[in-house]
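You will see chain A twice below: alongside chain B first, and alongside chain C after that.
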Partner chain A sequence: MTSEQAPPDVRETTPAAFALEDVWKSFGGVTALSGASLRLRPREIHALIGENGAGKSTLINIATGVHRPERGRILMHGREVHFATPGAAAEHGVSVVHQERNLVRKFSLAENLLLGRQPLTGGVVSYGKMAAEARPWLERVGLHLDPLAEASSLSPGQAQLLEIAKALSRRCEVLLLDEPTSSITEAEFEHLRVILTELCNGGTSIVFVSHKLEEVYSLCSRITVLRDGRNILNDVPVAAVSQEEIVRAMVGRHIELFAAGGRRNARAGAPRLELRNVSTEFGHRGLDLTIRRGEIVGLYGLVGAGRTELARSIIGLGRITGGEIVVNGKPARIRNPYDALRHHRIGYVSEDRKDEGLILRHSISRNVGITVWQRIERWMGWISDQRTRPSVEPPLQHLNVKMQRISQPAGSLSGGNQQKVSAAKWIAAEAELLIFDEPTVGIDVAAKDAMHRLIVELVENGSAILLISSDLREVVQLADRILVMGDFRLLAEIANSGEYAPISELVMLTITKATRDVEAAAA
Partner chain B sequence: MRRLFSTQWAPLLAATAVAGIVLGLATKQFGTAFNIYTILQTTAIYAAIGLSQMVVLAIADMSLAVGGIAGLVTIAVGGLYGVQHWPIGAAIVAGLVLGLVCGLVNGLIIAEMDLSGFIVTLATGTAFTGIAYGVTSAIPYSNIPPVLVSLGQGRASFFSYLLVPAIAMSIAVGAGFRWLPIGRAILAVGGNREAALLAGIRHKRAMLVAHALSGLLAAIAAVMYIGVLESATPATGSEWLIISFAVPIIGGTALVGGDAPAAGCFVAALVLAAINDVLIVLNVNTEAVQMAEGLLIFAAVMSGKLAQSVGRASPGRGRPLRSAGSLGP
Partner chain C sequence: MGVAPARLRDVLGSQTSALGLVLLIALTWTGFTSIGGSGFLGSFNLYSIVQLAARDAVLGMAQAMLIVVARMNLAVGGIGAVCTSLLGYLLVVAGTPLWLAVVLVCVVGVLAALLMGFTELTTGLSSFIVTLAFLSVYGGGAVLATGGRQFQITSPELQALGNGTLFSPAICPLVAVAVVCGVLCWLLYFRNSLGWKMLAVGANERAARASGVHVAGVVLAAYALSGLLCGVATIMNASYELNVNAGFGADWLLPSFIAAVLGGVALTGGEISVAGILLAALFYDSLQSGLTIINVPSYWIELPQGLVLLAAVLLDQARRRRARPLERSRGTEPGTAAVPS
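Entry: the complex of A and B
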């Protein structure tokens, strides 16, 4: 316990800036919250932690007027308030950045920022005012772009920053950030940390949801941990609890976090995929890389470096404009993902699981089975759920997907379990080269751990893996070699020793040096 | 000016103009003032019909009741003037209000019961048509006010007077979507309903306004058409369904919602009217006209796809912010 923390008796008398007390909520008979609480002091950054499905999102939805609690109270400075709509919550100064990106893609950055409150001149929308009003907020989160550019041109990371700018611009008193850092890099987090700290000193109270405990320690002063809709740790100083205690509170048991440290280059075999001097329509130039059987190659870079675009080009979603792709020693022309999977056994686990990884309204079994239909179809292309079962069930069981039935819609699962289903699809397909694009974005510690184990298990069974991640810790933990990408070029290849400090320093140096070179060249 | 040429319908307009000039030189009938007037007269009607559909497509909904509303409005105006002997001004206003109310009913049912516009307007559209036939016993009113006839059939050389309301509507709708808060709200709900909801935009109100506006525009189309036909028949609107979708789609409206290119709609109306006319001038039978319309819808969608794949590599995934020139609707 640090000395700055207010003693308990004072805490009881000063009303919290914002508090949810004993909140209950269920959806169609499934209890999401049973007596959860959240207490937020003025000028504090409060961590809200819990596994996927623990009730964090429901709690946030209640705090922001999306849902109404069945029991319990919402208090602002000691007075009870009722939020009938998200608009009502915003009027009381409660704003939220959701983990899903809620942008109108055809609108400009400025209009997205000021959505629903566009500046008017004589009753009509003024685009000039809009741009001027939006620019400072955009620059505050480091988006130095034309405010009137279309939002569809943003990368996922930039879109997340726009969402944060949007919330900041509401001049809110209470800001809830639901996994704001899930798709941004460490450098961007540093930037965000400074902004949030400033904001907090300026009088805003912030709730910070994240699965990255390092971030919690560097940013938050107090922490609340939810499990099964209840408070396990209730409003305690972050400094007073260890990482282990937090994890135990979240998952309800002690888990030994997986460390892949020792398996460097265990059994790297023949090259599975080689790129020789490849350029793409996205602007990649002169890429050379080799991925061998039984090897994890990490691909690290800042958001917008061209990593996802490279993955998409490999599976045929982008045109290769020069050079050669070699699969198993033979030159290959991969025209589309069907080709990639059917003829070359290359699968791509998308970072955007909601839009690209899963068909949320379809059942789990259909989502997983989609890659094997071709193999098991009968006469005239008939397939049945019965026939997909043998291919579909083992990977689901293996990944320990928490579900009631195999026939339930994929959309009803929590984020972590959705990601598992997305991965199970490719295991069922028996892909030999898997490209994981941000496989653990927005999933909790236990699910992340399971995903890491899965990746390692896959390579140990002879698969080759290209791991795209903005989580440098994850890359260092898993990869045999680390490729650093910047501005659509490969900047360096670093042999991974598994030690975070020296490797991360090397990676960051590579990136800053490249950036400086580019700036020097421009000047 | 550069933005003008980068729009989806610019190539379409250019191709039509070139084809028009060639045809004008090659055939005797096509280039005459009267023939061009005929094309423009049809253009005006098509544009009005297309706009009526476009405003609901903008909110990612659709209306199958455009024709039904038009039929009902037609007999209302015809009956009030011809049988009830209302002054023509009052009859027209009553007709427009009726269209607005029909649209409002659609919007209310859709927004309050959270149903899809497809189902609701399939039902109400059929009902409106039924009422129109029931009231008139399927007999058209032939006592048509001269003012509507001179609007529908009047011309100064090639310029059809109907272009005046049609162009005014296009500009008003286009400007409304670009500059009015409610227009932006409709596009926001159409573009990303969830985002609009969370931003505190009243999506039910937006839905209501979009459908009411659609009803009003359908009513204006109907009033314009009474003079062209010189008859107020309940059959008006029965063949408008395909046109109502063809015009906005060829004009560059996405079925998924979020945009409302009124100018594109007008150009598409012109193109469809011209094709219609050419095929008649060239003595091709009417079935071929329909086929050509179908192919054109397909071509429009394809050219949109093509422009997209040339413009940016893949949706939203290209290099960040290559151009900042395109914005708004």
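Entry: the complex of A and C
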């Protein structure tokens, strides 16, 4: 283990608050961890980084008692502990907040927080007591809300905070956060950063898993990078490594981070899709928007601004209640995605990869081919997997999807490769307008880079792209124009120069100004 | 993770149920022969087993058509009652030629099922509720329309189909009908884009819709095919019963589910096993016949029927659980109470 060979640090003499040492684990012959370690000092925020499949989740599952290691030790303050169950880990003060939220949406904040241990008065749940018990925990994470409000009213960022409060209320000393920021905005991250720093000063040690390196730099003091179940960077100060070094440690080769934003304005062609004074069942009013051939239009906004709803209305998953949609200069009526695909060659890469983007149980081949069956079938619908290969294989090869066989279930792929498959079906369909909804959430750097390259390549071949993303960096990196949406209206259109600092400032200003206007109007 | 097991599942997933069923049938046959004597495997008894099993297999396929798209058809028997009444009326009262009567019965089966499909799609109610309601509507309507009268079918062709023999005195020609239906089903699900879309809609309707599948069209097609197979089952049933009435179909629901679910059609939709359906029907009717041969009172036979369905559903669930490691396992932490400080 490298930490033993490392030069003695002042803090090395005090035992780590929590440590996993030389942990091995395999699943059915596939090695997930081969001698991985994680060392967490008291009161530190430690970044755990790695591509999908590098072993982060397995390591977290071992740390929280979900899996048991084949070899290796778990230490708390220098003493070896054994977690037989997740409950045992929780009793030792180790809690995890997963990327997928486990909130009961119809329950109140307090009920979610105290789920399974609600205070009883004579056998009946006492709401007053429950609220009183929950409030201090909610306030500790900065949720100054009514404890009896329904959890469904929370934004994704707030839901994340509620999960953290839940972990804290179980007297947690070591908090593992598995990609807590994958679906929250920059403003929400800022808030989370303040809360986590406070918690850390209050004595909690935190492991922070994220794909966003900017966050790691602004939040964490030390970093561990895993690749193929091993430590590539083992417990080093974040300040001592550059972003390039971290990326190289993760992917094992040099990746040139790729930027194309604001470079191809001149090449944009005829309008591919126009919205004229469009309103929708979701509450959009008077939207005007044009997307031309060969351009990437970025659609940015806070969560809940109505971006996904707009995309869904365009492809017919939501109702257009007024105005006009014009495709290639002709008025179009798109009643469902079938119309969008058949008649207008419009495709939608859903943000909800697991439930809407893919049929996890079915093979990769079926998942990609689904958009082309109708085109390649013979008389009476005759078709075979063999016949779909010429349409299905090239996009998969092009996107370099890592798979054993084309017949393996899509659900057995890693997140990044699943996202590639979800995009591949629209390449197979030769979509001319493609809406990407949060295309890189929860996927690793290499897969993210591949998605970015794909998007740019598609427009260079004449497609038009609407890119919805909560990652402003990504939008600035790729888009030719940036539309800012707030409260189901388009607030501004910003020509993208490709420079992050001035553009992000402009975007944020637009949003805060709009929010202030709304508040002023309400007052 | 889980790649090697996935391959194993790919191969076994569809075949284990079929292999298991062959074993189960062998076990039933040897079991009943040793208890009830050689009469069980006599050609007379085998004949009556396959006669029933052929119809039940087609009923299983009728059920599977909707289970595959993550729906169900509780009205197989209701459609059967309507179709049986129509067939009886056409052949006995109206004197319609047999071929035309057969076509009309199938058309009415399709229409009756399509009506349920339209109802489901326009109201947004679950297929469970819609088909349950139509079971009563069709079943009751058929009795009302015919006034409960008996139709004595005399068509020699129909009689030859249901009571003749094929190749051997132990094989009823209805087996050929079931096998043809099975082959067509296999072609539908394995070599036809409609079948592929049905599987996609059943496995994940949202994803199928977002991928440009015309979900409403696919669901209606599934209803139509289910109704068509109910029509075929009606003709098969009438061909050996001959003396028919609107009460036919009342006992179709259980065998249709047992054949489909025990045969390996996932209740969650998106999976099919045609061989499994044929074998499950054969197993079910072997069990029935065996229990009769060893003199189990008829009112006792319903008990093992129910148990077989229960076992089939549990088996289906076990299959699902085995398939789950695909998704990454996530831990949940049971809470330990704490008082805020």
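In this text, the second predicted complex is superposed on the first by the 447 of 523 C-alpha atoms of A that agree within 3 Å, B and C clash if a C-alpha of one lies under 4 Å from a C-alpha of the other, contacts with A are read in each partner's own complex, and residues count from 1 in each chain.
In the analysis below, a residue touches a chain if its C-beta (ideal position, glycine included) is under 8 Å from a C-beta of that chain, and two chains touch if they have at least 3 such contacts.
Treat the numbers as computed from the prediction; the structure is a model and nothing was measured.
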{"item": "First (chain B), second (chain C), both or neither touched by A:Thr308", "value": "first"}
{"item": "First, second, both or neither for A:Tyr338, with chain B first and chain C second", "value": "second"}
{"item": "Which superposed partner A:Arg453 touches (first chain B, second chain C, both, neither)", "value": "neither"}
{"item": "Partner chain in contact with A:Gly116 - chain B first, chain C second, else both or neither", "value": "both"}
{"item": "Which of chain B and chain C A:Leu317 touches, first, second, both or neither", "value": "both"}
{"item": "Partner chain in contact with A:Arg71 - chain B first, chain C second, else both or neither", "value": "neither"}
{"item": "Dominant contact partner of chain A by residue count, chain C or chain B", "value": "C"}
{"item": "Touching partner for A:Arg516 - first (chain B), second (chain C), both, neither", "value": "neither"}
{"item": "First, second, both or neither for A:Asn102, with chain B first and chain C second", "value": "both"}
{"item": "Contacts of A:Ala90 with chain B and chain C, given as first, second, both or neither", "value": "both"}
{"item": "Chain A positions touched by chain B in one structure and by chain C in the second", "value": "66, 85-87, 90, 96, 98, 100, 102, 115-117, 317"}
{"item": "Touching residues on chain A, where the partner in the complex is chain B", "value": "66, 85-87, 90, 96, 98, 100, 102-108, 111-112, 115-118, 120, 123-125, 127, 145-146, 148-150, 152-155, 158, 281-283, 304, 306, 308-309, 312, 317-319, 488"}
{"item": "Touch list for chain A against partner chain C, complex", "value": "27-30, 32, 53, 57, 61, 64-67, 85-87, 89-91, 95-96, 98, 100, 102, 114-117, 133, 136-137, 169-171, 315, 317, 336-338, 340-342, 347-348, 350, 352, 355-362, 366, 370-371, 373-374, 377, 380-384, 404-405, 407-409, 411-412, 425, 429"}
{"item": "Of all residues in chain B, those that touch chain A in their complex", "value": "178-181, 184-185, 187-188, 191-192, 194-201, 258-259, 312-322, 324, 326-329"}
{"item": "Residues of chain C that touch chain A when the two form their complex", "value": "1-7, 10, 191-194, 196-197, 199-200, 203-204, 206-215, 270-271, 323, 326-340"}
